[in-house]
Structure formats: structure tokens, C-alpha cells
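Chain naming follows the written order as A, B, C, D, E and F, and within any one chain the residues start at number 1.
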Amino acid sequence: MEKVRPSPGLVDTALAFQNILTPPVLFFFLGVLAVLLGSDLEIPAPLPKLFSLYLLLAIGFTGGVQLQRSGLSLMVLMGVGASVLMASVIPLYSFLILRTRLDVYNSAAIAAAYGSTSAVTYITAESFLRVLQLPYDSFMVAALALMESPAIVVGLLLVRLLAHAPQKPGQQKVGVGAVLHEAFLNSSVFLLIGSLAIGFLVAQQGPTGVQKLELFTDKLFYGVLTFFLLDMGLVAARRLNELRRAGPFLIGFAVLMPLVNASLAIGLASLMGMQQGTALLFAVLCAGSSYIAVPAAMRMTVPEANPSLYISTGLGLTFPFNIIVGIPLYLQVIKAVIPAN
Amino acid sequence: MEKVRPSPGLVDTALAFQNILTPPVLFFFLGVLAVLLGSDLEIPAPLPKLFSLYLLLAIGFTGGVQLQRSGLSLMVLMGVGASVLMASVIPLYSFLILRTRLDVYNSAAIAAAYGSTSAVTYITAESFLRVLQLPYDSFMVAALALMESPAIVVGLLLVRLLAHAPQKPGQQKVGVGAVLHEAFLNSSVFLLIGSLAIGFLVAQQGPTGVQKLELFTDKLFYGVLTFFLLDMGLVAARRLNELRRAGPFLIGFAVLMPLVNASLAIGLASLMGMQQGTALLFAVLCAGSSYIAVPAAMRMTVPEANPSLYISTGLGLTFPFNIIVGIPLYLQVIKAVIPAN
Amino acid sequence: MEKVRPSPGLVDTALAFQNILTPPVLFFFLGVLAVLLGSDLEIPAPLPKLFSLYLLLAIGFTGGVQLQRSGLSLMVLMGVGASVLMASVIPLYSFLILRTRLDVYNSAAIAAAYGSTSAVTYITAESFLRVLQLPYDSFMVAALALMESPAIVVGLLLVRLLAHAPQKPGQQKVGVGAVLHEAFLNSSVFLLIGSLAIGFLVAQQGPTGVQKLELFTDKLFYGVLTFFLLDMGLVAARRLNELRRAGPFLIGFAVLMPLVNASLAIGLASLMGMQQGTALLFAVLCAGSSYIAVPAAMRMTVPEANPSLYISTGLGLTFPFNIIVGIPLYLQVIKAVIPAN
Amino acid sequence: MKRVDVILSERELERLIGVINSSGAPGYSVARHITGQGAHGVVTSESLEVTGLGANVHVIVFCEEPITKNLCRELKPLLNYYGGVAFVSNCEPV
Amino acid sequence: MKRVDVILSERELERLIGVINSSGAPGYSVARHITGQGAHGVVTSESLEVTGLGANVHVIVFCEEPITKNLCRELKPLLNYYGGVAFVSNCEPV
Amino acid sequence: MKRVDVILSERELERLIGVINSSGAPGYSVARHITGQGAHGVVTSESLEVTGLGANVHVIVFCEEPITKNLCRELKPLLNYYGGVAFVSNCEPV
């Protein structure tokens, strides 16, 4: 990292390129390109599942270890609390915006997805910080786990309170219990929280256990993320077609919403005195849209909503936007707003 | 490891916790918890297969390398011989006990399973020894491979000699050849023996080949074991229901049998002058119940036996018992009986 | 490596054994043995796909990094150019030989396969060079990617020009476009070229990105190759039966053709002044037969050809021949012909 | 004997198995990772694997005619609400 | 209603889906990784996975009688050229 | 033409293929990783993958009526001994 900065403008561009030209993001592009050119490249199931299980386990474990080391300070509680707050508030104003064009069902489902967050975006941001060697609090991974549930609950409430459609013949009432079950026990949230708790427990026993597993969670991390983003590129690009059908309103929503949410997050982070790295993670958490736990829960709660709408906007547009433009952009704003310590 | 032991009681508890609080065992619990709470966490096929192929290849190779280094001493031959002996004797007395309540078919199948051993239990014990930095002879991995076959053969003989049922219409005689083929050439036994031989051969060529593969067999080992035990937790917990149907007799058998077998093994180990670490591996080999090669062979030989009985007892009860209670318990007994050297 | 060579003959044998007794090749034998003995060992799909994706990504990335470091010199261009030339010429004389016994369709399909090359053979040769610590230019990986397409195009032309069969009823004309698409965008070629380009780009940014991914591409490489060759052993051995049906002509072709092609390659390499390691890679590229991209393209272009002929010869015979006999043999010849520098 | 083929999203599998069991059918078989196209658009396995929605399943039930009646009665509302298709045909035990 | 079962190499799947869509069928389902044996020999998944040829797919189409006619007309040349089998049977919607 | 559907444990697949080949059938197709429930209880893929027992397979054979007869005769004892089900239905080639 250079000490002498010739001009701020130059540095900013360099920063943007520094994220784009990392292997994970380049392989994301390669995946997109494969679909656009019609190559038959694919990462067959269940390999993407292997990668995502690994990534969740690794960031959960590492976060738990760091949490044990730093202790459950006020900062930790504030950071996690702010994330949960944002996960509850974002769906509310998103819903109001979406209702201007869409019905209650689709509005609620999309709003819930944007209230929650994207694990891969978070992980990419974290690995970007590591490359830049910018310190951050890895306990934010706890927020990653805790943001799914409130968003799902708010989405559910919106439908229950505002949808007055007569029950379709043969419609089956899905209990609140089933939805909460899905919200708190779906495999991603469960593995993340479980790994976090295990990381915490193991770190309390001393460094041996942590070191033995770190060979696995550290050394492979970057490579697995690279592979996973190659797959995400394939998946996102396949969604592009559907996006076109979604129309300009949703396309605009999918790009502007992360900007709005990230701005709010950066404001909050600055008020709370977060350090730069942590603020980036918080901004990315708020800017992301869930395509893992929330869609599954919404499919159960609101089968009336069209899955291709809430999955395509998040996966086909918001996700690549955050990865490519968002992460370096948010960091630039943060560097302007929050002093380095 | 502390030098000053305040009281034996305290140390023992610490030892027990030291195994329970390692990442692999904690992730085993997480898997059990996922099933109990109804989470949809799963490690989809064929990923568990990938992990088990890796683990077998890695322990086989490492064992072969160490065998080449230590040479085929009398100790090696005695250790392996004792294991084969136990694999032949355990089914005999197990059968007598089981016949008090069960028919010939189910008794023979369960007896054979307890005569053989559990690879994952062995691997967990080995990784526990590594964490404690207690020396052991890794050639015991040869015993792991060689215990499957005698147990299967004894199980087969028991059925052939003692089952006088009239042949069911349409019953097809399975040749002894087919069963022996299964006993010696099933994929786990074959891969283990093959990797052992390769480890031996490569080590003879000098250290280069060994070092190049050790990056793979060493560094990943603990992480893959962790993942595999997460899956085993899921699998074992799903068997708990069936266990309830098996009734108190089998439940008692599944817990007491490993204690009996391990006691016998520790006695033998002490007589033979094994060092502490090796004695633990030997005890664990005898205490474990096979749910890989033996069930497959029994399904072929004795389709009359109910697979859910012999798989559920071994996988749902004996396996978790050995992992959680057995390994630290056996080590405590060994430390009391066999002097450290 | 010993400095004093007692006699050339002895050293040569040692060299041959040095390749055979590496873990990857020994596990290849283990796979063959498993099939011959009737063991049920298998690496279930899609695990072999995972391994091959990993290997392609890793060699592509590494090659790209080295290309950036060495620059696009005349040597690079000549090496790649010579490979493309050989990929176009080999199918022509192979076709003439094959036509003495086979019809146009099968002759063209087999000729195209031998014009292109085998990625696994290349990778095994590269890892052999690393063990011997013999320097080589890893940009030859570019040739690996570029040899598929010309071979496919020449195969297509041969069929178009020389097959005069009346169109079968219902036959569907496959456009040249579709075949070229297959030739340049099939997943293996695409991933290889993409990873090469990414390696190049990342290396230009400085060493950080390269180092982070090298933990993944370097450390695991040998282990994954070992696993993959175990699978290839299983696959190749299953083809042996079909080979018997192919008859002595094709069996002879499958063994003599690599010798002819490698000899030509070594001659060219010597003329071009390649260093020993690079010459081995070039020889192996020419000696190999494609069983990835070319068969897929041929199945599309020439469904009249029998896939079991062109796959079995390449996979069941030429591949093992190159791995076991070819690589050390070619290196011996190269050491006699090209002076070490 | 009758054969009932049901194809729907993996997410609804547990619910479907509940319906089959309560219909009195003697058994069922499940094939996973089914992709396809229907009234609700295209289902590809890759994208759904990541989103956690899963692909489709194909469930086959061989049963006697009267049980088919029970099964179909309970199946219809499920298919109407969540999507999916089901068809009945004739068969004979070997 | 009719049920059409097609089994052919995965390589030809896209072409087959094109035929199904143009026949006017309301949907289809695809099971992958099918192995088997037919006029063109044995298909095992492992070896083909490596060669990039893929294994077979089993495609099911439920549709009305007239659409079956369209489908079969277009299907025949495909099967003749590339191999594979297809059969039609009767069924009833639930 | 007839269509025979057999579902049994993967362990018995080789034996089943032997029976199919000796019956004179012109081919068969195999789908693996089938789970399900029948007279012998529930079969889930995960637990059996680890135990080495494998899940179920679904084998389809399209063949002429007389061959079906051969096939069924040999199939019955296999199913009686090892478990599994098989059903025959009618179909037409395209």
C-alpha cells in the first residue's frame, strides 16, 4: 500500500479496480460471460451447496473465535442491535415504495428480501478488507445471522395485516409457528449461529483447537469463495432474462435500494463510532438482499407472490451491483465520512 | 498440558471436556441438534462420500508411511493380530447374549457389526491423541482395515450353521464367494488397504512424494473430519426414533457392549505392553461397531435380518456413546492401568 | 538428485520408476485394480467434475500468472503456434492411417481426438517436472486450451469433404456455427482460457491477489490430482472391455500414435530450442488424445461414429500408456536430444 | 392397480408425504433434483439450489383404486395452492 | 390425457426441449443422471461425466392427445439420428 | 408394448440387470438416489450413503409383451427375497 497519494481521484479509481480485479470478482465475471456466450460451463449440484456450507461454517467459526477474544462489549451489542433494527425498518419503507406498482403479496415478499441480507456479499466485502489489510470487527457475522429472522417476520405481518383477498378454494393456512421455524432454523441461519457458538466455545479452551481448524477455515477460504463466485456469476446471469420481464420499475428499485440502505447504514455507523472496516460490513449487510432464507420462507407464507420477481431482483441485479460497484463505492464514502483510527 | 495436577478427579473431568469441546465433536452435537429442532440442515449426497473417501485415503496413506518408517516389528504384528482375534471373538459372545432375545438372523447380523469396528470413531480417537500430543502407533490403521473381514466371516458361519429355517420360496442362495468378495473388496476396506500400501511404497522412495501429499492429507484432515462429524450427527440423530422401537434390551446392549469390549482390549493391551496412545486406538477399535462394510455384507447374506436394528444400534447409540463418553473414559482407564513411557 | 551417475541404463530405470511411484500414478493403478478385482469402489458424480474444474482453474491461473511474469515473448508465441500446428496436422495423417480399416466417420472422429490433447496427462507431466525440480514454461497451458479447437475443425472438414453418404431420413444438418461454438466455448476450454486471463490480470495488480489464491491452487493441487487419477483409473479400466472389441488395429494405433506424435514433437522442440521441461510438456500435448472436448463435439458433428471407439482408445489405452510409459520415456529421449541449460 | 405420478417443488415434499401416508397408500418413491417447466415457469436446479428453494421432486405411488380416490381428493388443493401436477394411470403388479 | 416418456443422451436435451416447446405441450419434467442400455450400448454415468458427454436424461411430458401427435412427429427424426427411445401411454389428471 | 417399473435397493441393481438381460429385453434405464417407503420401512438417502447400503433405484424397461412374461417370472423371487416392487403397464412407441 502506498503512503503518498498523488490525488484522491486517482486513488478512488484504484480502489474500485482493486476489488474488481481480485480473483473472486473476476471469476464472477467469468461466470456471467459463460452464460452470455452460451458456454456449457456449470458447477453441478450439490457442489455449490458444499461451497456455501463451507463458507458459512468458516465465517461463523472465525466470528465466534473473535467474539470470544474481544468479549461481548457494548460495541458488539450496538452493532448487532443496529443490524436487527435495520432489518425491521428496511422492509417497511421498501414495502411502501413497492406498493405503488405491485400488489401486496409481491411487495411484501420483495420488501422482506431487502430487509435481510446476502451472505456472499458480506463474505466478499470481508475478503476485500483482508486484502486491503483494513481492520474490522468480525463479530458482525452475528448480525449476518440475526438479520434474516426479523425481515421474515415483518414480511409475514405485512401480508397478514394488509392482504384482504378472499381465501382461495383449497388454500391452506400456514401457521405463524411454521414461518418462525423457517426464520430461525433454516439451514443457513442455523449453521451460522451454530458455528459461531462453537468458535466461541473452542476459543475458550485455548488456542490448540482453533489453530487446528484454522488450517481449514483460513487457507481454503479464498479459493472456495472464488469457486462460489464463479457459480454465482452463472446463476446471476441466468436471471438476467427474467429481469427484463420485471420491467424498469423493479430494475430501478434493485439498484437504488442498496444505495439508500447503505447510505442510512453509513450514517448510523458514523453516529455509533464504528471503525471504517466494520462500517463497510454494516453497510453491505444493509445493502444486500437475501436470496437464501427469505425466499424459502416467503414461498411458504406467500405462495401468491412470484418467486422469479424477488429472486431475480436480488440475485440478478442487487447482488452483482453490490459486488462490483457497491463495495468499493461504500468504502470510499466511509473513508470520507469516518476518520481512520 | 499442566504439570501440577491439583486432584485426579478434576483432571479427569477436564480430559472428558477436552474431547467434547473439540470442533469435530461439537459439530457432531450441532448435527444432532439440527435434527432434534427440525432444522432442514443437510449435507447432500455425495458430499459425505467425498469426506469419507478423503479420510480413508488420508489415514491409510499416513499409516503406510509410518509403517515404512517404523518397520514391520513384532509389536506391529502383535497389535494387528490382537485386533483380528478380537474381531473373531467378539461376535461369538455377542451372539450368545443377543440370542436370549432375538432370532438367529438378527443376532448374527448385530454380532458381526460389533465384531468389526467404526472408522470414524477410530479417526476421532486419533485426532484426540494428536490434540493431547500423546504418541501412538499409526500402524493401527492396518487393524482398522483387517477387522471387517473376520467379523463378516464369523457372522456368515453363525447363520449357516445355526439357522435351520426352511428355505423361503424363491430364496436365492448367496455363495460364500460373494460374501468373502464383499468382505475383502468392499470400497472402504479396499481404499484403506490400497492407500496404506501406497503410503508404504512412496515413503520408500524418499521424503519428496510424502511431503507433497501431506499438504493434502494433513492440513485438511481436521476440517474434513469436522464436516464429516456434522453429517454423522445428522445421520445418528435421525436413527434415534428407530432406536426407541428397538426396545430396552438392544439399547442396553449398544451401551454396555462397547464397555465390555474396551475393557477386554485394555487388558490385552496392558499384557502386550502397548503404549498409552496405541492402547486407546486398540480399545476404540474393539468398542466400535461397523456401519459400513458389515451392514452391506449382512444385507447380502442375511436379508432376513432387519437392517434398521443393526444399523440403528451402531450408528444411533454406540457411535455417539464412543465419541462422547467412550474415548475420554477409555483413556482415563488406560492412564490408570498402563504407565506412561 | 544424485550427481554421480553410475550408468545411464540404471538412471533411466530410476527415472521411469520415479514417475510410477508417485502417489498420483500409484492411485491410478489402485483404481485400475479396483475394477479388475471387482471392488465396488467409486467416486460418485459429480465429484470427478469438482476435481477437474479445480485442476483446470488451478493450471489456468498459474499459467496466466507465469505468462504475465515472463511476458509474451517470441518463445511463447512459437510454443503455442507449434502446438496449434500439430493439432491441425496430426488429424490429417491419423485419418489416412485409420481410413485403411475404418469408415470416414469413425476415422475422422478418432483422428480429431488424437489431434487434440489430454489435460490430465499434461497435468501429470507438469507435476512430474515439479517433483524432479526441472524448470519448464508454464505458459504451455495456453497450448492445452488452444489445441482442442483446430482438431475439432479439421475433423469436421474431413467429414464434410469426404463423406458422401446419402442423408439418412430425418437427418438433421448440424451447422458449422454450432460445432465451432462447441469447439471454442465448451466448458473445459472456456474455464482454462478464462482462468489464464484472470491469472494474467491478477498478476498485473501485484503479488497479493496471487498469493491469496495460491494457497488454494498450490497446496491442494497434488492431492486433488491424486484423487482425480484414482477416478481415472476406475474409468480407464472400465473401458478395457470395450477395447478388446475394438480389435488389434485400433489397439496398435492407440499405442503407436503417441510415440509417433511425441517423436515429431521432440524433433520440433529441439529445432525451436525449447528447454527440457517445456519440451516434455509439448511432447505430452502432442501424444495425448482428447476425451473431453473433442468427443462432445464429434458426437454432435458425426453421430454416425461410434463413441465407444474414440473414447475407449483414448481413455482406455493412450491415456494410461502416456501416464505410465510415455512421460518418463519422452523425458529420457529429450535428455538425450536437448542439452540441459 | 393404479399408479399416481406427482411432480411439485421439493419444498412441499413433506406435506405431500403427509397426504400420501394419510391416504392409506402402501408406499411411495421419490426422485429428487427434477427440473422442468409448467404453469409457474421454468425450474432449473442450479439457481434454486443456492436460493434454498430446491428443485422439483417426482413422487410415484402404486396403490389400489379406492386409495387413489382418497389421495386425489387431498392432492388437488395442495397442487392448486403451491403448483405442481399429478396424473393417474393403470398398471398391474408383476 | 397422454404421457410421453423420452430417454436420450443429455447432450440432446436442449434440442428435445425445443421440440417439446414447439409442439405446444404445457410443460415437461427432466430427470438427469440416468444410466442404461439400449441399441447404442451401455451408458454409465462415471465415464461420461469425464468425457463431457453426460449421461442420459428421462423427460416426461403430460399433454392432450393432439399435442402428442405433433410431439411424436418431431421426435422421431431426433431419436433416429441421435439414438434414444420414447413411448406414449394413457393417464388421467387427478 | 409394455413398460415395467422396478423399484428396489441399489445393492440389488447388478442382480436385476442380470435378470433383465437374460429376459431378452432390448434395453433399460436406471435412476439412482431414489428414496421412499414400502413394506420394509423408510429409505432415506443420507443415512444409507454412509452405511454403504445405498438408496433405491428405479429401473424402467420398455419391451414386448412376451418378454415381460420372462422378466416377471424371474423378478418375483428377487423381490420376495430382497424387497422392492414392480409394476407393468401399457404403452406405445412413438
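Just so we're on the same page, contacts are C-beta pairs under 8 Å (C-beta built on N, C-alpha and C of every residue); 3 or more make two chains touch, one makes a residue touch a chain.
Computed from a prediction, not measured in an experiment: that's the story for all the values here.
Novice: Using C-alpha centres only, name the chain that sits farthest from chain F.
Specialist: With centres defined by C-alpha atoms, farthest from chain F sits A.
Novice: Where the centres are mean C-alpha positions, what is the separation of chain A from chain C, in Å?
Specialist: 41
Novice: With chain centres taken as the means of their Cα atoms, state the distance from chain D to chain F in Å.
Specialist: About 20 Å, centre to centre.
Novice: From the C-alpha centre of chain A to that of chain F, how far is it in Å?
Specialist: Measuring from centre to centre gives 45 Å for this pair.
Novice: Mark out which residues of chain F touch at least two other chains, giving numbers and ranges.
Specialist: Residues 31, 33, 76, 89-90.
Novice: For chain C, write out the residues touching at least two other chains, lowest number first.
Specialist: 42-46, 49-50, 186-187, 219-220
Novice: Between which chains is there touch?
Specialist: The set of touching chain pairs is A-B, A-C, A-D, B-C, B-F, C-E, D-E, D-F, E-F.
Novice: In the complex of these two chains, what residues of chain E are touching chain F?
Specialist: So the residues of chain E in touch with chain F come to 4-5, 7, 31, 33-39, 56, 58, 71-72, 75-76, 79, 85-90.
Novice: So in the complex, which bits of chain F are touching chain B?
Specialist: Going through chain F, the ones touching chain B are 9, 11, 33, 41, 44-47, 49-53, 55, 76-78, 80-83.
Novice: Tell me, which parts of chain F touch chain E in their complex?
Specialist: Those residues of chain F that touch chain E are 1, 3, 26-33, 60, 62, 89-94.
Novice: Show which residues of chain B lie in contact with chain F when the two form their complex.
Specialist: Those in contact with chain F are residues 42-46, 48-49, 52, 168-172, 186-188, 231-232, 234-235, 238-239, 291-293, 295-296, 299-300, 303, 307-308, 311, 315.
Novice: Would you mind writing out the residues of chain A in touch with chain B in their complex?
Specialist: 45-46, 49-50, 53-54, 57, 61, 181, 185-187, 190-191, 194-195, 198, 201-202, 205, 208-209, 212-213, 215-217, 219-220
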